[in-house]
Amino acid sequence: MKRLIAALAATTCLTAPALADDEKIVVGFATAETGFMQAYDKPAQDAAMIRIAEINAAGGLLGKQIEVVNADTKTDRAEGAKAGLSVIDAGADMVVVSCDYDFGSPAALAAESAGLPSFFLCAESIKAGIQGVGPNSFSASVLAAVQGATMAEWAYTKKEARTFYRLLDTWTEYNKGICDGFDWMLPRLADATLAGEDTFLNEDASIAAQITRIKALPEEPDAIMLCTMMPGAVSAIKQIRAAGINSMILNGSGVDGSYWLSAVPDLSNFFVPVQGSIYGDDPNPEVTAFNAKYKEATGGDPSTQYVYPGYVMIDVWAKAVERAGTVETSAVVAELEKMTGEPTLFGPRTFTSEIHHQNQARYLIVETNAGKPGVVDEWTISEAIPVADLMK
Amino acid sequence: MGSLLQVIFDAAALGSLYALAALGIALIFGVMRLVNFAHGDVIAFSVFALLWPSVDAVAVVFAGNLPWFLLIPFVLAIGAGLSVLSEIVVFRRFRRANPATMMIASFALGFVIRYFLLMLFSSRPKSISLLPALSQPVEIMGARIPLLQLITITVTIAVLLGLIAFLRRTRFGLEMRAAAENFTMARMLGVRANRVIMGAFALSGALAAAIALILGSQTGTANIMMGANVMLMAFIATVIGGMGSLAGAVLAGFLLGAVATVMQVILPPDARAFRDAFVYGAVILVLIFRPQGLLSARGTKERV
Amino acid sequence: MSLLALSNVSVRYGRLTAVRNVSFSMAEGEILFITGPNGAGKSSLLRAIAGVTPPAGGRIDFEGHDITGRSPEDIARLGVSMVPEGRDVFGGLTIEENLMVGTGMHARERGWKARAATELEAVYATFPILKDRRHTQAGLLSGGQQQMLVIGRALMTHPRLVAIDEPSLGLAPNITDQVYERLIALQAERKLTLLIVEQSSTRAMMAGGRMMLMRGGEILLDGDARALGQSEAMQAAYFGYGEH
Amino acid sequence: MSLSVARRTVTTPILLGLLLVAFALLALVVGSKPFNQTIIDIFLKVIFVVGLWVFIGNSGVISFGHTAFACLGGYIAAWTTIKPMLKGTAMPGLPDWLMGMEIPFWASAVLAAGWAALWALIFGAVLMRLSGIAASIATFAMLAMVNSIYSNWESVTAATSSVVGIPIVRSIWPYLIAALIAVFAAWAYGISRHGLALRAARDEPTAAAASGIDIPRARLIAFVISGAIMGMGGALYAHSIGIVTPDTFYLGLAFITLSMLVVGGMGSLSGAVLGVLILSSLIQILRWLEAGIEIGTTTFALPGGVQEIALGAVMILILMFRPAGIMGNRDLSLPRGAASDSQGQTGPKT
């Protein structure tokens, strides 16, 4: 009977026993090891592990080694809650949750109610933080709205785009976030106009009707703000170009990567904002060095920029712990909220008591030309997007 | 004028996809009253068969590099093969089971196929350049239409004509139609049950593979869930077409494609996001007024 | 040697026993009527012979082959042609297509197409109305025409034994007369063996031949139709007098 | 009559109830938070599947649409229990009286049941005329409609974004009580005049119609009751993890609950409950295997993803050998009760 209970107690996959050990600091990963989200969580988690390994190699945090416990969310919300509780039971001092806000929040809520800080691996919704989960929750990435706003302002300033077309895939909050940022920025750009707008759904087999609407415009728009994500993005891009529309296409970071470019041969006039370049041409040579380290650790190059937030996350958290001198939640959160323009490998990071997310950030602009992506510019939006506008 | 023509083409292209999928489902429903929920996963499987198993983000192309005249038969054979295999391994044992049991079994089978793909390829959608020559636009009477759209419509019409010829002119086709109407009676006339059912599965699988080719070249993506949405629409088409009526399934498939396209065109921007709600509402209305379907197959009594 | 022989055949649906230990045999060229009230097990017996409902017990032989538990298509291919109750035409197929469905079983033989064509003409000769409407959908035919169609369809398979379930069901008496007239003529012409199920014994008495009476899943009487039809025993057995 | 029927069959819900209590006690003994959450999850599935059974089991009509009612219920929890301030930012379109409302979780579950029942009544009035596969697809269309509306009505449902701030209830007892309520309500309905009439109509539609049973009305009653149970389950689901999104209550949940019902045996209430308990236990065991089991000094682990494949394969095998589900059409009862009741209860047809 005892053994049975012990087995039941280990109900979700714990790789370390529950110990309240003062000799080490425990980071709990309640992330997807299987299912749909696995492909998104794993790369960022690998990057986080690289930073942890670096810290441990340099003598640890507050002189203690960082240990990691894992629990699988199976890309399921109810399982996510269980996974969160599992890592908390295993003594986590900080809980890392799934990349996506929807899949990460059950575990983050579990951490919040246990009074522990939580970090979303790469969620880009304002709700992945104070506004959704609670005062101890953070996200390691940059808001989706910043991406939309960045693209609009950059295309206006550097590419003289004046007429914009807004094509929104209503499938996820992330997509809407990009378009919200675009909507916020557009009126701030003198004489820029919205030539039209339309919606589609990521799983739509065909967006022919939406394309027909663009083609019915008297003039091709200068730029199409495409607020979507994989896998629908490839389909949409392919269909837009196949219909003979050659406007510049502006995107969120979700379409970063060269792995899909073979589907749209010789794609040009295509722009993506990224936190760091996976193409080996980042202006910061340390990023390229990190890429090499990543390849060494995982056997493959980073496939998208979403690897990087995992590294940033451990970096800023560890700094906060070091400064606070403890892993105690309120002290760590207070230190994090003091960070203003904190330099990281992937641009400066700021947290305040109002927002645990980046509402203004430096982005590199990647242009894909004749099927070859490369960094062409960098851009930081002229003003931070106010929290009130993000919450509407 | 050009834009009206364009809308017609858009509707026909989307409708073609639904019609092909509905046909695949109606064929199997006809001979064994099975609502096959694994159909969408056969579609996905047919596309993934072009790739080597790998969980990397970059797709490792395998059969996808074949020239088109080998590639198309290869994919069709994969779809038909998987479909026939599922009949032999699973559905054959459910011949006498009630429709609910069969349906759940097909769902479980689809689940197995989907997670098998997930294990081999991970969930990240893979990009493939399938028949890239088809991505060029062509000009017809003032409308610039993607070549692929044109081909989709042509292929659908060709498949439909071919299928009609097959069903009307060949002995096997005749037996299949008879079996679809009254399976027991057909057997009492010496029609071999296993052959007809396997034939239906093979055809249905090949149709799934045809959709896979079209979706694959249209979206440039191999995605584990790529068949799901088309399959759901196809079910609806099969039912509102009249379960067991092949002509009804095709008609309803085109109709659904047309309704979805027209809704996208006429709805105001704020209501466009609710497009699917309107489409499904229309489906309920059709069912209320014609529960037996638009073209009900005579003599098809439902075994419930 | 008998063409069809049943020994101790039982048919069960779940807990319900429809046919109980029935044994009988038929000689080649014989006409046998099975009569009996509703629920006597007549149709179940035919379904067992055709292989649609495999018997729960007993054994069925056809031309010396054990066909117990064989599939309907195998049994059909051996030469048993079944015309089930309710005129199961393929409503969406044309008349000619209906007739052709059963010819597929001979497709392996040489010259089957020519023979099927001859057969078709023969059926049309018997039922001229079918020829006139050969490209009409069978679902649009009247009841009598559908009855002719299913009989013609059974003949197209080149059967040794034709088993017909209630050919008169739902038909006007004069149409029934026509159907029977053709059936009997065909039987004589082709040396067919006919097994006909009818609820009433009237037809059997008119047509002549052998008659069996079923009730409660069992065969109660077996003998010459005309002689049996008049007997008191028949009345008693049919309605179940004197059993309680 | 109904009293004697009640006395004769009451052992079934009592036995099922005891089984559920045993699961709750197991969670108590183990005392691990994740395991507690696992049991809560099982109880929620029991509520959903029993809710499905009330309609599907009694009417014989397969419904794909019942998770729509869970969705309606889940959002009731969001609308009525989140702090007004949070609600204002997430769902600014709510009417003022709803905006200011903040009620305890059990009240939201009751309200959710009522709200879902109301919509079941409205949809059912239209849909219950349909039979067979047309009815199944129509219920699916209903689900897709509800999903599409909830996924896009930004101001009232926050669209596809997760609504957070729903008070999380981690105690196991409310879920146990709700599951018991569902089981007893389903049993009471099953032996009621309406339930008997509906089952008669399922087995012998022509005869039932001839004897004056209004089949659409009988189905409607079952639809409303099952809708209410699903609504309650939806609200509690929201309280178990603290968030709702429309796609939580879409095809994934619809299929897993339907599978549990069919595998357990849709012909009986015991089949519904046991289907959940058996499949959930199976899933849990497969997860342990996936995570790795230590045998001696070596760790044996299934590769990731095998759990789902094995689950699908086991489901197919169960249905292959027991097409009417694990329980067939039988109900759990004490041996004595089974003997006296043998006439009406047939074994599984295979």
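Details
The letters A, B, C and D name the chains in turn, as written, and every chain counts its residues from 1.
We adopt the following convention: a residue touches a chain if its C-beta (ideal position, glycine included) is under 8 Å from a C-beta of that chain, and two chains touch if they have at least 3 such contacts.
Chain-to-protein mapping (UniProt): A = ABC transporter substrate-binding protein; C = ABC transporter ATP-binding protein; D = Branched-chain amino acid ABC transporter permease.
This structure is a prediction, so every number in the text was calculated from the model and none was measured.
Annotation: B-D is the more contact-rich of the chain pairs B-D and B-C, by number of C-beta pairs in contact.
When every chain is reduced to the mean of its CA atoms, the largest separation from chain A belongs to C. Chain B has the C-alpha centroid lying closest to the overall centroid of all protein C-alpha atoms shown. Centroids of chain B and chain D (each the mean of its C-alpha atoms) stand 31 Å apart.
Mean C-alpha positions place chain B and chain C at a centre distance of 41 Å. Inter-chain centre distance (chain A to chain D, centres taken as mean C-alpha positions): 35 Å.
Look at where the CA atoms of chain A average out and do the same for chain C: the two points lie 74 Å apart. In chain D, the residues touching two or more other chains are 152, 304-305. In chain B, the residues that touch at least two other chains are 118, 228, 273, 276. In chain C, no residue reaches two or more other chains under the touch definition. On the chain D side of its complex with chain B, the touching residues are 60, 62, 126-127, 129-134, 137-138, 140-142, 144-145, 148-149, 152, 251, 255, 258-259, 262-263, 266, 303-306, 308-309, 311-313, 315-316, 319-320, 323-325. By the touch rule above, chain B contacts chain C in their complex via residues 171, 174-175, 177-178, 181-182, 184-193, 245, 297-299. Touching chain A in their complex are the following residues of chain D: 26, 29-38, 41, 44, 89, 151-152, 159-162, 164, 168, 237, 240-243, 245, 248, 284, 287-288, 290-292, 304-305, 307. Interface residues of chain A, counted against chain D in their complex, comprise 5, 7-14, 33-34, 38, 71-72, 74, 77-78, 80-83, 85-86, 88-89, 101-102, 105-106, 109-110, 113, 125, 127, 131-133, 170-173, 176, 391.
Those residues of chain A lying in contact with chain B across their complex are 34-40, 75, 170, 197-199, 201, 203-206, 208-210, 212-213, 215-216, 230-232, 234-235, 238-239, 241-244, 257-265, 300, 303-304.
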